[in-house]
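Look for chain A in each of the two complexes below; its partner is chain B in the first and chain C in the second.
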Partner chain A sequence: MSILTKARPAAGVTPPAGGRGGHQKGDRRRRALGKNPIGLLLSAPYLIFVLAVFAWPLVFAVWMSFHEYFFAAPGAQIDRPFVGLDNFREVLGDPDVIRSFGNVGIFLIINVPLTVVLSLVLASALNKAVRFRTFLRVGYFVPYITASVAVVGVWLFLFSGSGLVNQILGPLAPEPSWLINSQWAMPTIALFVTWKQLGFFILLYLAALQNVSQELYEAAATDGAGKVRSFFSVTIPGVRPATVLVLLLSTVTGANLFTEPYLLTGGGGPNGASTSPVLLMYQRGIEQGSPDVAAAIGVLLVIGVLIIAFIQRKVAGGDES
Partner chain B sequence: MHTTPTVRRALAATAASAALVLALGACSSGGGGGGVDSRGDITVWLSNNETEIAWGTQMIEAWNAENPDEQITAQEIPAGSSSEEVIGAAITAGNAPCLIFNTAPVAVPQFEKQGGLVDLSSFEGGQDYIEERTGDAAEQYQNADGEYFQMPWKSNPVMIFYNKDMFTAAGLDAENPSLATYDEFLATARTLVESGVAPNAILPAPTSEFFQSWFDFSPLYAAETGGDQLVEDGEATFNDEDGLAVAEFWATLYEEGLSGKETYQGDSFADGEAAMSIVGPWAVSVYKDAVNWGAAPVPTSEGIPASETYTFSDAKNVGLFSACENQGTAWDVLKFATSEEQDGQLLELTGQMPLRDNLTSVYPEYFAANPAYEQFGDQAARTVEVPNVANSVAVWQAFRDAYSKSVIFGEGDLTTSLDDAATEIDALVADQ
Partner chain C sequence: MSPRKTRIEGGQLDRGQHILRGIVLFLGALVFLFPFYYMIIGSLQKSPDPTVAGAFPNPANLTLDNYTAINSRVDLVQGLVNSGIFTGGVIIGTVVFGVLVGYALAQLQWRGRGVTFALALLVQVVPFQLLMIPLYVLIARDYGLADNYLGMILPFAINSTAVIIFRQYFLQVPRELFDAARIDGAGELVLLWKIALPLVRPALLTVILLTFIGPWNEFLWPFLITKEASMQPLAVSLANYISTVAASAANPFGAVLAGACVLAGPAVLLFILFQKHFVATNIGSGVKG
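Up next is the complex of A and B:
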């Protein structure tokens, strides 16, 4: 075909300089780099960042989880044999790991719905608030930007045996106290994280609420809907994309729970009742020098989060967004 | 394979970025160290403790003045959640210094496995130097093959500190406290709490970190057994009568509310939240003006003389790291820093006990001039170290988890808990 094309040039038409080879090279470059190669150049730093900080470690963690691996000095002659599913068998046969997944499950069951409900309700209220609007927005956002280490100190003061909460509750205070009580340690952490993260999620909902048309509320009011009915029939459907985002983000950040059990309950106490998978990964991988086992826990955690995220997307109607 | 332009562009960009990432990764790999005879400048890391920096500074000045061609540069151990994590990361990155004067014995087996440490026995006269300086106690710092991957440096033998004013307020004898046996200790503890002078008789950290058992179970187990380690000849020892007695003692304190189960945010002894504390000689300078204190050996079930009482060492040693280019110089500096003169400086400036045989007779003037440290100097001759075994941190975490469950929170049977922990620890030690 190309020979035929070449054999019959259009009369009076001069082939462009460089001939056919130049055409092909230019086409190939355009196909590879697109119409605006500068766009690739501008996005490259972030792409490199994602590859170096997220993608490469993730791939490496998966590789580690299938090998006998520990961190070694450069040049050290270390054998790192492929061990198949041994690390996963060890992890799944370890009651501490199973318990940590159960603990984070309890955490997510409390934290995620509470985050969605509270942030939506508070965002709606803040959206309508006229007085102290800025003060309230800042007030909710301050815990989010304050270092966990500092805020944990306040909660230890509030929830210790002789703390403010127990003094208010008096005889109703749990025994042992909140943070050293097997039943209450994880719910207390879930409550802490909900409170701390709330400002960020309120911000997401506030942004989403700006896109809900005022006409819909007026139409609903014309049809006789009250404030509660409007909230359920206009606000909630109107911010559904934001709800999917809040669900996903709170699940992902919740599954990565580390600082709170590390600091608030003294390393996952009492007696492992607040140990999270990521805290165990830190103990096994960094403290105890078994990053292969830690990687296996991490891979299972990623799979678990992906499954939950998939279900959330289906249930919360993410497709519609 | 059919690919769209968008996919091709994404692939091209990803491939280019991946190549760059791999190239950067390759650049990050450090090189290995030099031989045991190489000489030249070296870098050392010191603890960020103010008194240890003072000691390190004078030691380095003294060395540098005499060795212009082999200069030492020092820095504090970089900040991290623990020194051991920072050192482990430095080993992996290949940028560990030549010497670290704050290497925890519990981390040494792991650093050795990583290929990060140099066997000090491989230096000419290395083994003899260590054993002559530290005496019989040096054996605790050998690995299973009898090699030294750490220089035993200094200990902080722990004892019971008590608040004399609180004892007096509770009607107790503050000069000769009744703390020798478990029964006496418990009776004293009950009196202290019931009299209301302190909410806790003693308050060791009840948290789950692997190292916390060094400051509750370990000292008392060392005393009860006359110097046994928690693992000996590859097997756990603590699930015996002595271990059970120690566990029951602490369980009683928690059960009766004499020791709190909650973490105290601060120094419970200085703040008057506890009438007693388990501390090393560092506490002498810390509590000098804050508390009217006295010191006593850790208790045993029957009560034994102080001169026969063992305790936990809380030692920190020196590691010579394989990334070091000038290992010959590093070994000479190590010997210089642990010489009799420099050990004397360490004692003088930090109040911590050099791991040196016959300490009190080597520095009689110091202990005569500083009687507060004399008990600790004497106690330093009878210390027990964490066992130098494979997976040592995992071993201690397994122990702490079992202890936390059965002793602190009173869940389950103590004997079963210690037996289960021993079985788990035996498997960890056997897994090289």
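Up next is the complex of A and C:
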């Protein structure tokens, strides 16, 4: 409310949109700030928020990665010398870090294609489904809206040594069990995240499918294209901008992996087979008190994501509309 | 449903495919929902029964003890209250400031509008994890906001997705509506309050639901910033229970799953009640009426 009352006088000064000409002073200000300068005032809290919570910490993270930084009592003046690429050298020479990036690679190779294919197929099927719509929507979206921490509990139970999954698989069950098996730990996490996030990506595709012209399907049908053919030649090109977005967002999600290795595999076990860079950032930065090293891991991670995103855009192509 | 028969007539082929698609979708949804069903069953078992038979409720093995067990280790009510304050703060910040920006982006012309919109899009792909360390240094160390609700809320205070949604909704409101009111001499905030807000009420609900699941389910940030058990949201205290004390409980899975049900419950319930609002609602009728 205080914003409302404070800003009201300013609102009164704003010239009505219809009033043209005659206002010399208004014209000059209009050129400097636009027709409705109050827009800037309304957006100010958000802009301050973005600067304080995103822009500044981003700069700070990069700065930190080039300096020797450690925690100190608040207010204490400490020299934090510039160390050039030392932090990066330390990070790249650390086998744990290299391994964690490899793990994310495995994760992305499984998770991203699975997510794109499943969410597109399910979305186009859901788009045409008539019956049980509510049930189906709830079914596919519920994992997405539930806390990872909550569903991790069930997965631990399901995939434990004598858990239901192994009971069903019988002799086919891997030994040692999924989450404590160094080969299966990461794929199991990738499967978990795919299941967990799919609802969101289905939602994105459902929205994109509304923009695919019905006439294109009719044209394809008159040309003798079957269901499968028109899926490949109408649906897939039609939702390309959404695919670019899904690729990008699922890659970012993968790079941000933390909760799952922390809880599902007890902190990146077995023996670092499922550590993620973010988990290492937490361990190195906060547990072991070297935020500079953690910041360097973060910078490398973002560079990696940018490279992957760039390649994806080149491959998936499509101009975003 | 015999495939040979359906091949004869186009109409029947379509129907066969419809049914097949329906069955596949239905089974898929069951697979997706199964862990939730299993979560409830597991939380009610006296002793964990991981066999196939254990997936069906067995009256002899049912109990509410797990809920009391988890409650004696993790203060569920306090956890829910903390989660609620955290989530509520984020929702209030997002709705109040998000409406203001969304309106300014869609209906007003001002210098910096393009940059602001680009920022709102850009912010969504900045990995929070890169910001985690500097934010921790700034908020927990420099501002001393560790174990503090404000420190918890701050990094999430305005949801950028919500800003985009509000903008999208405000774009659909015809500009003439506002121009007419402006000619009548209404100020911008009056316009926003009296005309724009009522028209985007459906967006409000979508935004609240969308924003709710973020902080309610968030683990990493509150985990970093709260060390005191009495300040931890439920997701954090449950995670701590899973990673440390679970091994010492009599029925660790039962207790963990009971806690999981309590954490998942509110989000799932809200979603089921308002699931229609998870898609963009047409506000055309609102404009016409």
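Quick notes on this structure:
By definition in this document, the second predicted complex is superposed on the first by the 285 of 321 C-alpha atoms of A that agree within 3 Å, B and C clash if a C-alpha of one lies under 4 Å from a C-alpha of the other, contacts with A are read in each partner's own complex, and residues count from 1 in each chain.
One rule holds in what follows: a contact is a pair of C-beta atoms (placed from the backbone, for glycine too) under 8 Å apart; a residue touches a chain by one contact, two chains touch by 3 or more.
In this text, all values refer to a predicted model and were calculated from it rather than measured experimentally.
Superimposing the complexes on chain A yields a three-chain arrangement in which chain B and chain C clash. In the superposition on chain A, the chain among chain B and chain C reaching more residues of chain A is C.
Shared-chain residue A:S160: touches chain B and chain C both. Touch criterion met: A:I286 reaches chain B and chain C at once.
In the superposition on chain A, A:G267 makes contact with both chain B and chain C. Residue contacts after overlaying the shared chain place A:V278 against chain C, while chain B stays out of touching range.
Using the contact criterion defined above for the overlaid structures, shared-chain residue A:V228 touches neither chain B nor chain C, since it reaches no partner.
In the superposed pair of complexes, A:L33 makes contact with chain B and with chain C alike. Once the two complexes are overlaid on the shared chain, A:L172 sits clear of chain B and of chain C alike.
Of 77-85, 329-337, 347-355 or 383-391, the segment of chain B running into chain C after the two structures are fitted on chain A is 77-85. According to the touch criterion, the shared surface of chain A, contacted by chain B in one complex and chain C in the other, consists of residues 32-34, 40, 43, 47, 56, 71, 74, 153, 156-157, 160, 266-267, 286. Chain A meets chain C in the complex at residues 3-4, 7-8, 11-12, 14, 16-18, 32-40, 42-43, 45-47, 49-50, 53-54, 56-58, 60-61, 64, 71, 74, 122, 125-126, 128-129, 131-132, 134-158, 160, 162-164, 167-168, 195, 198, 203, 206-207, 227, 248-249, 252, 255-256, 258-259, 262-263, 266-267, 278, 281-282, 285-286, 291, 294-295, 298-299, 301-302, 305. Considering their complex, residues 5-6, 8-9, 12-14, 16-18, 20-21, 24-25, 29-32, 84-85, 88-89, 91-94, 96, 110, 113-116, 205-210, 260-263, 265, 322-323, 391, 393-394, 397, 401, 404-405, 408-409, 411 of chain B touch chain A.
Taken together, the chain C residues at the contact with chain A in this complex read 17, 21-22, 24-26, 28-30, 32-33, 35-36, 38-39, 42, 48, 50-52, 54-55, 96-98, 100-101, 103-105, 108-113, 116, 119-120, 123, 125-138, 141-142, 144, 154-155, 157-158, 160, 163, 178-179, 182-183, 185, 187-190, 192-193, 213, 216-217, 219-220, 224, 235-236, 238-239, 242-243, 253, 256-257, 259-261, 263-264, 267-268, 271-272, 275, 278-280. Residues 31-34, 40, 43-44, 47-48, 51-52, 56, 70-78, 96, 153, 156-157, 160-161, 176-177, 179-180, 182, 266-272, 283-284, 286-290 of chain A are the ones touching chain B in the complex.
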